[in-house]
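Contents: one structure, followed by commentary.
Chain IDs A, B and C follow the sequence of writing; residue 1 opens each chain.
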Amino acid sequence: MTKLQTISGSFRMSLLHFFADPQWIIPNIIAPFVFTIVALVLFGNVSTSVALYAVLGGGMMGMWGNTLYGSGFALAFDRWNGTIEYVLATPSRLVWIIAGRSASNAVLGLVNALAIVLVVVIGYGTLFVVANPVLFILALIVTLASLSALGVIFCSAFLLSRSAQVMTNGLEMPIYVATGSMFPIALLPLWSHPISLSLGPTWGIDAMRYASDAAYSGLGFGYWTDLLVVAASTAIYMAIGFWLFVVVEKKVRRDATLTEY
Amino acid sequence: MTDGQEKAIVVSDLRRVYHTSKGILRKTRQAVEAVKGISFDVEFGELFGLVGPNGAGKTTTIKMLTTLLTPTSGTAKVLGFDIVEDVVEIRRRIGIIFGGERGLYYRVSGRENLRYFADLYGVPMSKREKRIAELLDMVGLSDRADSKVEEYSRGMKQRLHIAKGLINDPQLVFMDEPTIGLDPQAARDTRAMIKQLVEKSKTILLTTHYMFEADELCRRIGVISNGEIVALDTPAGLKRFVKDITVIEVEAFGIVDTDILNLRRRPEVKSVSANLEGERQTMRIQTPKGSEFIPEVTKLLSAAKIFDIRTKEPTLEDAYLRLVS
Amino acid sequence: MALTLADWAPYRIFWSSAKFAFKALFSWLRPPMWLTQLLVLPLFQMAFFVYLSRFVNPSGAAVAFIAVGNALQVASFSSIFAVCNLTSEEKWQGTLTSLIVTPANRFPLFLGRAMFQILNSMATVIVGLFYAANVFGVDMSHADFFALAVVILITSAAMTGFGLMLGSVGLFLRTAMIIANIFLFIGLLICGVNFPVTDLPIWLQPFSYAIPMTYGTMAARAAVQGSSIFELGPVILEELGAGAGSILVGYMLFLGFEALARRRGAFEEF
């Protein structure tokens, strides 16, 4: 009961901060936005299926970009603000506080998808329709959970190691490539496939495509297998994140590195 | 509850060493012992003060007791719970109020700040809004509750800090320099609120370096200097350290550092403290000789222009200076 | 005619400014981060667009175009992003005030900070071209390496000038970070990196030609295909023009900001 309260309180606070300064999302989603527009130009003829591909891919990249930067820096924000000691002194576990923020960041990443939708509709005059909205929403929610859980891992990595901040810059592009957000992972070298397949979002976007386009075949395992894998990945990421945060909390109390940044 | 429940806080030989490293290529590690094995206890319903100069170890001690830092050695129990093993239990039951500008989310309203911490403290949803309203009323922020904190004055922010520190209705409240940087009115209001809390049977551990504040508020005071407790007593008890002393207070212009040194060299002088900034410099000389010593002082300060020189009864401040210098 | 100390002053200022920028760069950007920027980012950015192009066009016809274009565009990480942030970093750390009250000649001060980034940009582009040739199979057998080297140098310098201009804009608006982020990637769209500028809507094309990178990508492709430095002359001159123009505008803005801040007394507005 309290965990849920912590997560929802954190989620809400994070959203409030977004609405207070919405422009700060731009750095996190500018790359996905530009990449998607370039993709649209490269595709040339923007049919409804292309538009869908672009919106989904762009949305995924936006969610990824915002999760990565937003969650990675989630506690750094508290450091700069001077609120970190107060947050740490509450009986709520850090991991749930960050989970809430991470979830809000993943959701806000959808802003990128909205921006792409606008470009596609206004710029190209193309509309698109999702074949099965219910399954689509389900896949979206599960994928958001997976991304949030990944965000939790990043945040703890940031706290454990200053040079883990290298990871944010280092992970943005590789994930756009590895999750097959804009092109099938079949095109990538064979040795990289296990990496791609170990990422929840890869399966998530596949599931969303299945739900949007009746003719889609993708990874070949079908919608429900995809969904199962994403859910499993979420559980695994949360377990890792949980363990990492236990380490973080102990370290932070031992080494007094909280206020440093 | 576990044993030790007769006292709110029991500290036993608490030690904290910080390790710092300098340099990029060749790291040299230094160990700084911020708290050198302190012991004290705090009774339920007491307002206990921990005073000391900057860097004495007050903040480190509070951070250990509020579970933000683990001690290097020693033990402490807060409300009967161990500060290393029972972290969550302690956090549920205590409130913390650290002074200063930071520690609030500026871009959202005061009410939202309180809601957030209410959630993190697990205040039941059914009670949350009511408690927030009560606290806002108590600190006098009800009419500004929905404005962004960045629009608050310094005093208002401090009041919000207090409301935040009480959001979980804690049994024990830790306050680290709560009136620092506040204008006299705001400071006075804060002290009044602190007294109200004691009347509500809350236990408070307060750190401050304003002696008059400690004198006014605290039942007992622990003086910490250089990581060690050098005295622990009621204000009256502490003043006994300087009962044999008279204070000669000088107001002058033109006093220089060598004057202070010369005074300190005199065997009759127990301590000298001075504020040499500005046009009206002040100096407090502790001496058992009382007014007899005034001619000596005048002689030693002959190069300066003395506006006023008089004897005073020693205050807690003088006792403190004596203890920490 | 002997040179006096005063004659050396601009160079000393330039050099100490450069050294400061180098130190400042490394104080928050540790070597691992710098290496990531140098080695990892170019590879994956290039990979994204190359694979995308293979998806759209399985024949792989556009791969060389895209790979070389991206190899040049990655210079933006240092020339735009780092330079733009340098300006706002100083502001943020409150050092801008102390810097501005020195009697130092402004121009070398302004330029000196960027010097290291030119080198950084060149290194990034060289790494990018290495990837283009060895990972994505771009044929470099006919390349005129001297011409290519010149293009790399000029593009790095010109884009750093562009970055300085953006940094100056960032002094006025309070969002150098956002500008830096936008321009870091906008080149992918409008500088002929992934497709020719002519594929863009007509109204957008003039903006492309204001950015030095547009000329750089054209020249680099030509050099890879064997054009000599003489054949590339006109394009390189246009790029130099765009770069010089940026530096001039940037410098004017910098002086303007200083004057405005002095009048208002508000340096640390952040």
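Going forward, a residue touches a chain if its C-beta (ideal position, glycine included) is under 8 Å from a C-beta of that chain, and two chains touch if they have at least 3 such contacts.
On a predicted model such as this, the values are computed, not experimentally measured, just so you know.
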- Message: Based on mean C-alpha positions, I'd like to know which chain lies farthest from chain A.
- Response: B
- Taking the mean of all protein C-alpha atoms as the centre, the chain whose own C-alpha mean lies closest is A
- Message: As a quick test, compute the distance in whole Å between the mean CA positions of chain A and chain C.
- Response: 30
- Query: Taking each chain's centre as the mean of its CA atoms, how far is chain B from chain C in angstrom?
  - Reply: 52
- Taking each chain's mean CA coordinate, chain A and chain B are separated, in whole Å, by 44
- Note which residues of chain C are touching chain A in the complex, please. 30, 32-33, 36-37, 40-41, 44-45, 47-49, 51-56, 62, 175, 177-178, 181-182, 184-186, 188-189, 194-195, 199-200
- In the complex formed with chain A, which residues of chain B make contact? 18-19, 63, 66-70, 88, 91-92, 94, 96, 98, 100-108, 112, 115-122, 125, 148, 164
- Item | Of chain A, residues touching chain C in the complex | 23-24, 26-27, 30-31, 34-35, 37-39, 41-44, 162-163, 165-166, 169-170, 173-174, 176-177, 182-184, 187-188
- Residue positions on chain A within touch of chain B in the complex are 2, 5-6, 8-10, 12-13, 16-17, 20-21, 81-83, 85-92, 97, 250, 253-256, 258
